[in-house]
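Two complexes, one shared chain (chain A), two partners (chain B, chain C).
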Partner chain A sequence: MQTAKAHWWFVGPALFLMVVILLMPIAIAGALSFTSYSLGNPGAEFVGLENYEKIFTRSTYEKMFGATFRYVFVVVPLSVGLGLGAALLINSTRRFGDLYKTIYFLPVMAALIAMAIVWEFAFHPTIGIVNSTLERGCGSFLESWSWFAHGCERGFPLWLTDRDYAIWTVAFIGVWQGFGFNMVLYLAGLTSVPRELYHAAEMDGAETAWDRFRLVTWPMLGPTTVFVVTISFIRSFQVFDTVEAFYPQGGGPSKSVYVMMFAIYEKAIQQNLMGIGAAITVVFLAFVMFLTLMQRWIVERRVHYT
Partner chain B sequence: MSEASLPATSSVSLPAFRFSVAETAKHAVLIVGSLIVLLPFYVMLSYSFKSPAEIMQNTGGFFGTQELFRDDYCIKLGRDVADCMVTPFIYNYTTAFEKAPLVRYLFNGVVVTASIFFIQVLVALPCAYALAKLRFWGREAVFGLVLFCLLIPVHAIALPLYIMLAKLGLTNTYAALVIPWTISVFGIFLMRQFFMTVPDDLIDAARMDGMSEFSIIWNVMLPTAVPALLAFAIFSVVAHWNDYFWPRIVVTGDRSLFTPPLGLREFKGDADGDNFGPMMATATIIVAPLIVAFMIAQRRFIEGITLSGMK
Partner chain C sequence: MTAISLSAIEKSFGTTSVLNGINLDIADGEFLTLVGPSGCGKSTLLRILAGLEAPSSGEVVIGGQTVNAVRPARRNLAMVFQSYALYPHLTVLQNMMTPLKLRDLSLTGRLPLLGPVFARGQYRAIVEQVRETAQILKIGHLLDRKPGQLSGGQRQRAALGRAMVRKPVAFLMDEPLSNLDAALRIHMRSELAELHRSLKTTFVYVTHDQAEALTMSDRMAVMMDGEILQLGAPHTVYNDPQDIRVAEFVGAPRINLLPGSLDNNGYARCGEIVLSRAATQGVVGSVSIGLRPEHLSLCEKGTPEALSGQVVHKENLGADIYLHVSVLNGSQRLVVRVSPHEGQGASFGQTVHVIREHGRALVFGKDGKRLDIRTAGTGNVAEVA
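Take a look at the complex of A and B:
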């Protein structure tokens, strides 16, 4: 009945592009990571594992992993937790739920590079709205908090240029940008929790809101949580826009915000050290693929019980 | 800040509802959250209205006083002082368009995001149809490959892609901005899942009528897939309009190829004290289209952006 070869015309272009655009680059990155290749050089010298050795021994890359993991392990729990919290609160209020939802989702829609530039203004030590608002709290009860009192006396932190604060400030912006996305996924998850389960739980003696959450909501949101956590990991591993906007050179005060995507950009694109850039790419891909495979494995194990 | 008056109105103006401590506490938390979320949007809009002096001294409220101020650049050009007095709001927005080719950036953004979306559909739709509705040798293998490719974030392989494009002499072209995104395995996966739900009878009837497989895709399957395609369009357009990383890598220096995010970054690079207002105006102009579209069609947008949450 069917045209014999039609399907290859349909699948062919996609197949070709998948191989050339997605698979070949992985092979190229793998191959180049064992060389000292630079763009413009006729050949590439084979250097064995030297690039990987550098990544895992030199202090620059130690800082790179430090910054990346600090960022990821702040942004993931907070954006997932706040996303869930916001979803639960919005779901349980009688009014204005849609308004809050719209507001919390705005940062997801806005170009991060633009918002990063605005945040840089807001965090500006002298004309920024953050510190000037904090200063207004001076002389009030807030001064009983020693950090706050210290800020009033000596000036509030230079959020983006003090190496003790920089990575956390950048992570804060990551949370600000990402939690609305997680909230929406959780709201979708909440609509699929059957009402009867709450009645059943009540009959079994679940009285407090916490009990209902612990016994019904949280387990029923399991698959959503697995997905939300994975996608938050992958997105936060890829952070670049904010870092490049704040620190176009060098990765922040004492390289404290030198995240992996920025390291790839700096080494390979700015300094034309393709070998080391490729090696970081390979390590990066290994992380991301491992996480996604973990997610698929967990989902396949436990998603079937509904 | 003006939003600070919100909590009072939300609980007081609704006497019809019974006052409840829990409910009030929830709203208090949600409102504080909203203020933090809205803060940068407030700063962006407000600064795009204000004069340099008002920005520096943090005065003038949200909208600024809109008092005339002297445009020093205009004086430098040797014009009369009286001709060089400008209203901050108008100055900021006109400077945004005059100082940099912002129209060109916006045009590039539209061209790039539109081309990406159309090519993605052109490639993904036939493939999805074949995977869902045709039986052929190797189908499982192709679908397996799609599932594997879903693991690869394109940003992560930016470096080898850049090398390939550089070898082909394609950096600093529109092609470089579009090519890596022409294949959306996610689009294939999504449309395949959607086509699985289309009844076989529909396709068989079309075949009986003598339609070719090719015209079945565009005349039968495409119209049924419009809702899914719309969601995918939003997903794709938002991602590529806002993308900064990839354009940053393949476009260097050539301003005529800048997408809006690159243009804004460039603006920031040479901004001095007087240019904060125009810069915030530029940021507003770049962010506004998607935000406005989102406000108008919220449900569709949320569906589209969270598509990746579908299994």
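Take a look at the complex of A and C:
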């Protein structure tokens, strides 16, 4: 019958595009991850779980996970915390709020590749503003801090090229770049907090800003926070451009900044090892999927006050 | 004893002035209603009293102390908001505990999780107090629910409960019933009035509904355009309005106003009708004659001083029927309250005759102020009343 097939014409185009654009690439990546395919080769060998085995046993990939998780667990809390703090401060000022918003949002809009040059200058061991500023503190009370005294004696760290500092420096830049975005999300969340709740809290005896924050602001920002945290997690897992800009070769001093996205890029594009690249991609997607499911679960469980 | 006193309160937002010199003394334990049309500044006045808004000028005195510089949390007032403003993430129990926790517990006692351990005794006392209040309001079974899981009426009670758990100097209520359905609203009127009688605390109640003001209050203040037009007991305001705007606002259906004029002897007349009482001040000119629907009735054709007209609309309320009658050649409409028995016969388009109850008419001058009219000893118009 003619009419029985009509529904395919309605859902067909959308379904087709969804499969081709969204699902197929993932499926292909999944399939490739079980092979040793490289671009240009006529065929590929099926290698089973070998790629995954490498990821979870070799020390390079151990470093990859180490760098990624260090980055993520510094950037997420700090950029969320600073974003919230900045949003609360901006929300409480009457004047210049828009100016502050623009300034804090600038790093988000600026291309990181371009900003990387500025940071590279700032962190330069001899002409950089960071270390020259630190050196001025020498001789003052700051020397009672042993780390600082050590820096004065032996020279301050080479922020970007010391393997003990590189990942934290990159994470710092990640926070600098990301908190403005979270601030904007929190500002949007703050506008939807009913003003009457603050009045009710005041009438109930919430005299300090902390009481009002605990009683009204923080709970009402719950849905925003879940979203902001998830987005920050995903964005930090995806960090790539800073690493590529600072360390085009090899992922930083002794691979201490060898984050996942960079590993995928290096393996799959630079070294043309599609199989292993695809396998890292699948692991990456699994993390993101897990985070998204967590978010949905939390949202449904707790923060909806219907 | 005066519990709360507002003197010369003015408030303007930018260039728009919202309150123009409000003076109001609220007695201890009284139920005072601020009533007026939307946008007249009732909420603003209440919020100034609460301290949520600062007056542009004027003084707020609570219990003999000027509190202009005292923050809302320290004024010991409780407020019920129109939107209830319950904390949506807390259960009713926690909502009602909040004012007690914030006032009675130290900082350590308020810590999440650890607080209830440190201050166990106080917590038990607070929960006990909340349960007692919940019992009075009959929401004991709802204590574990969140506001989102409650109906409008239950939320309203929870908000009332949160205000009631401590012993405030006064309850401030901003249109607390306006989000309820009609039947519940009428039910809650009597319940709130009963609550007031049992608590014996001052209530300051804001509403735009004149029926709520008439039914619940000890005194009502009719506000319009940022001024209190009249302050008095409901029956005084209803029967003896001093301003045409008060007369129009209070009473449903609205008072009938007929255009008239005052003759040289002070008698107000409108067409055939001449009032039997004369104005004491010798004002001459056009006036408005106000007649409430319940002071009009149907009469036989040919009755002297009757107004005739066609029935243009009939509202049947069951116990009463309101007939809208087009009089004075269709230029005016009178609403007449008749009993169902009387009204049965009257149908659309029919000509009826309406007579007033003597001695009830209210006369307002051109400036809207009520004119004092008295039964004069001498007069050249025959006395009818």
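FYI, the second predicted complex is superposed on the first by the 282 of 306 C-alpha atoms of A that agree within 3 Å, B and C clash if a C-alpha of one lies under 4 Å from a C-alpha of the other, contacts with A are read in each partner's own complex, and residues count from 1 in each chain.
The criterion applied here is as follows: a contact is a pair of C-beta atoms (placed from the backbone, for glycine too) under 8 Å apart; a residue touches a chain by one contact, two chains touch by 3 or more.
Remember, predicted model here, so these are calculated numbers, not experimental data.
Using the contact criterion defined above for the overlaid structures, shared-chain residue A:Ile103 touches chain B, although it does not reach chain C.
By the touch criterion stated above, A:Leu197 is placed in contact with chain C alone, chain B being left untouched.
Of the two partner chains, neither chain B nor chain C is touched by A:Leu49. Looking at the superposed arrangement, the partner reaching more residues of chain A, out of chain B and chain C, is B.
Of the two partner chains, neither chain B nor chain C is touched by A:Ala286.
Legend: residue contacts after superposition of the two complexes on their common chain; A:Ala245 is shown touching chain B, with no touch to chain C.
In the superposed model, A:Leu32 lies in contact with chain B only, and not with chain C. Judged by the touch definition given at the top, the superposed model places A:Ala149 against neither chain B nor chain C. Overlap of the chain B and chain C interfaces on chain A comprises no residues.
By the touch criterion stated above, chain B contacts chain A in their complex at residues 10, 14, 17, 23, 26-27, 29-30, 33-34, 36-41, 43-44, 47, 55-58, 123-124, 126-127, 129-131, 134, 136, 139, 142, 145-146, 149-164, 166, 179-180, 182-183, 185, 188, 207, 212-214, 217, 238, 241-242, 244-245, 248-249, 260-261, 264-265, 268-269, 276, 279-280, 283, 286-287, 290-291, 294-295, 298, 301-302, 305-306, 308-309, 311. Chain C makes touch with chain A in their complex at residues 47, 50, 52, 71-74, 77-79, 81, 83, 85-90, 98-99, 102-103, 146-148, 162.
Partner chain C is touched in their complex by these residues of chain A: 194, 196-197, 199-207, 211, 215-216, 219-220, 222, 305-306. Those residues of chain A lying in contact with chain B across their complex are 1-3, 6-11, 13-15, 17-18, 21-26, 28-29, 32, 39, 82, 86, 89-90, 92-96, 98, 100-115, 117-119, 121-122, 127, 129, 132, 176, 180-181, 184-185, 188, 223-224, 227, 231, 234, 238, 240-241, 244-245, 248, 261, 264-265, 268-269, 274, 277-278, 281, 284-285, 288-289, 292-293, 299, 303.
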